[in-house]
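Across the two complexes that follow, chain A remains constant while its partner is chain B and subsequently chain C.
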Partner chain A sequence: MSDYILNKDYFIAVIEDLIEMAEEKKEYFIQLDSAIGDGDHGMNLSIGFREVSKNLEEWKSEDINTIFKNAGTALLDKVGGAAGPLYGGFFMKFGLPVKGKDEVTFDEFIEMMESGVAIIEKRGKAVVGDATMVDTLRPAVDAMKKAYHDDGCSPKEAMKIAMEVGAQGSDSTVPLIAKKGRAMRLGERAIGHRDPGSASSAAMLEIFYKHMP
Partner chain B sequence: MTGVIIVSHSEKLAEGLRDIVMEMNDGSVDVIAAGGADGGRIGTNTLKIKAAIESLTKCDHILIFVDLGSAVLCSETAIEMLDDAIQEKVHIVDAPLVEGVIGGVVQATICNDLEQIIATAKEGATLRKVC
Partner chain C sequence: MKRLINDPYDVVEEMLAGYVTAHKDHVVLDQASEAQGRVVVSKSAKQKDKVGVIIGGGSGHEPLFLGYVGKGFADAAVIGNINTSPSPDPCYASVRAVDTGKGCIYLYGNYAGDVMNFDMGAEKADEEDGIRVETVLITDDVISSENIEDRRGIAGDFFVFKVAGAKAEMGGDLDEVVAVAKKCNDVTRTMGVAMSSATLPSKGGPIFEMEDGDMEIGMGIHGEPGVRRGKIEPADKVIDQIMAPILADLPYTAGDEVYVLVNSLGATPLMDLHICFRRVAEILAEKGITIYKSLIGSYASSMDMAGMSVTLVKLDDEIKELLDYPCDTPYFKQF
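Right after this comes the complex of A and B.
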């Protein structure tokens, strides 16, 4: 399995698809966020990824880390809500374990995911059960590690499991009382609503899976 | 010397609050409004806050006052992006925005003691307006 390689084209395809996803799901995220938040999650992601889109062509000659660092900085600058530092942080840290590289092994990919999710947990001070993007991402990354390291799954199978577990994680936020953000102030009124960040994170995992060779 | 940064979701609110407090500032406190998201939208901007901190590094301490939610998250992120030596100077004050900034700035014109300034700013939380 050691010859399994994810090259720069894969990561660029992921970013291009994230840009499309942010547009396609804009209304959906706005709807989710209007129910329990300030409604800006959809618009914020769209504005953020439009900025990424504007510059991506220029970044393509850089190494994987630099591309994601630039994308993260764009999100940090353009996304006005909490998603800015969270997704911005995710992408800025995502490539850090593979600085200078143009292709990575699946072990390195797992490190990248761990590095990105860790900063979301740290910045958001959130744990699983708080009804945030962490409810999607933490179980997904843990499941991916287990599938690949312990259960003998192929990289693509492991990423599929991560995507499925992430989607379930997002589903799990529906009956929860939110512990973070504006939704926290709603108390029991947040019950019955999916956390918007958990939904965008699940959509991101789908894209990481979809383009995997 | 003390530096104060006002982080609100509204650029206008941050600037308006700066206008008020500058009436009470004898010029010894640097106050920067760092409100709003990119393009003046409602929200907060990490890079704007980071630039504000960087412009105050000559100060002995830098106090950040926030309205809510992502104002805290963005301020923390901005601080994390800076060198340790600068980070040590920066404090996010857990105080109400308007009362905290006014109390803090007025105290900072009187003394340069960080704890006293923060304590005065925090008193804003219990300030009675109608007796």
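Right after this comes the complex of A and C.
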């Protein structure tokens, strides 16, 4: 298992797919956010990833950390709102554990995920059950760690479990009373709607899985 | 869609380009790279040593925030995408653009995204330039939460910005400016009603569906659902439902004085606003509350949303003096 490697091509493919996803799902995220927030989530991700797309070619020669740091900075600068600091923060911290490297082991990949999700939890001051991105990402990362370290799953199996647990986490936001962000003002009226951040996070996990060798 | 725009991705930049050209006597766009073209600065900024007053938030609420940049009011406004907080670097750049060594205050409506981005801007100003930046969040929307610290900021922003701007212009130090801003926020209450959604340029349609002829009491300035949706009722009945929670939220007694704002969210005409104001005045008269001054018009909009809000500021001599203090901005002048 220790010879399992994720190289730079994998991470670039993930970013390219995230760029496509932000365009394809723009309307869907706008719809989700219109139901409980202000409708900005779809447009904001699209604005942010268009900026990433503009510059990605130039960044490709850098190491993994620098590529993600640049992408995170672009999201932070161009998006604003809550999605900017949260997704921007995720990508800016994602590569920190592997500074200077062009390929990583799966143990390192888990550290990267943990590093990214930790900043989302810290900045958003959210925990599981608040009906946010954290409802998708925290259980997903925990499940991935357990599957790989304790249950003998292969990296790809572990990431698949993370993706599935993340999707369930997003589903779990539907009946919740939102406790963070704009939806929190709705109280019981937010029940029955999916949190848009949890949905975009679940879509991101799917992409991380899809491109894994 | 009944909006006159070009590419939806360009709406903010094109609006700002028009704004700074139209109001070139009052404002300029900060040219620093960190400002990212999103910081509107008063021509009066840094003309004398004073606390820097910085306001901001998402676009789509004009004349909030950029309309109130000028002498005696805000020194700068930081402008985000539609309904979206600006990012950290413009928040940081605004501090550098207006600080004269006396520190700065950030004033904005209480939304999770704004808090994250402005906090990061303040941290950077402290770390890189040693500039002290304090924050006062506006929480005037009575219906948005039972807990005052969870409430969002809407049209009441105007008054909190105004007192902070005046106090800074009068030479108050940062602690004093923070204190009056908090004090004004504590006595400012707003509630609104919406009768249609704003049109989101990126979507080419409404943010949310609303049947023609319906209204929603308590709806937020970004279209966040309110407390009750039903058929549109006569103005007096609507105002009664808005005024009750506002008056119940602060201890009012006969003889109190208030400043009133009857605010259009964009599409509600002055005729309707005055009809609504008439009822507000009747209710206040019944309670023995005196109207000191009134503002009627669009001061904090939600683009083309049909709807309005009522804001009351419970006055004392200090708040009165600050609200009356001269200022000169493109969208609010007082001499």
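By definition in this document, the second predicted complex is superposed on the first by the 213 of 213 C-alpha atoms of A that agree within 3 Å, B and C clash if a C-alpha of one lies under 4 Å from a C-alpha of the other, contacts with A are read in each partner's own complex, and residues count from 1 in each chain.
Operating definition for what follows: a residue touches a chain if its C-beta (ideal position, glycine included) is under 8 Å from a C-beta of that chain, and two chains touch if they have at least 3 such contacts.
Note that this is a predicted model, so its numbers are computed, not measured.
When both complexes are superposed on chain A, chain B and chain C clash. Ranked by how many residues of chain A each touches, chain B and chain C are led by C.
By the touch criterion defined above, A:Arg123 lies against chain B and chain C together after alignment on the C-alpha atoms of chain A.
In the superposition on chain A, contact of A:Leu76 is made with both chain B and chain C. In the superposition on chain A, contact of A:Ala35 is made with chain C only, not with chain B.
Note on the chain A alignment: of 3-11, 21-29, 129-137 or 291-299, the part of chain C that runs into chain B is 129-137. In the superposition on chain A, the residues of chain A touched by chain B in one structure and by chain C in the other are 40, 44, 47, 76-82, 84-86, 123-124, 181-182.
Chain contact summary for the complex, chain B toward chain A: residues 9, 36-38, 41-47, 69-70, 73-74, 76-77.
Chain C makes touch with chain A in their complex at residues 8-9, 36, 58, 80-89, 111-113, 116-117, 120, 144-145, 150-152, 200, 202-203, 207-208, 220, 222-225.
Against chain C, the residues of chain A that register as touching in their complex are 26-27, 30, 34-40, 42-44, 46-47, 50, 76-86, 123-124, 180-186, 189.
Interface residues of chain A facing chain B in the complex, by the touch rule stated above, are 40, 44, 47, 73, 76-82, 84-86, 88-89, 123-124, 181-182.
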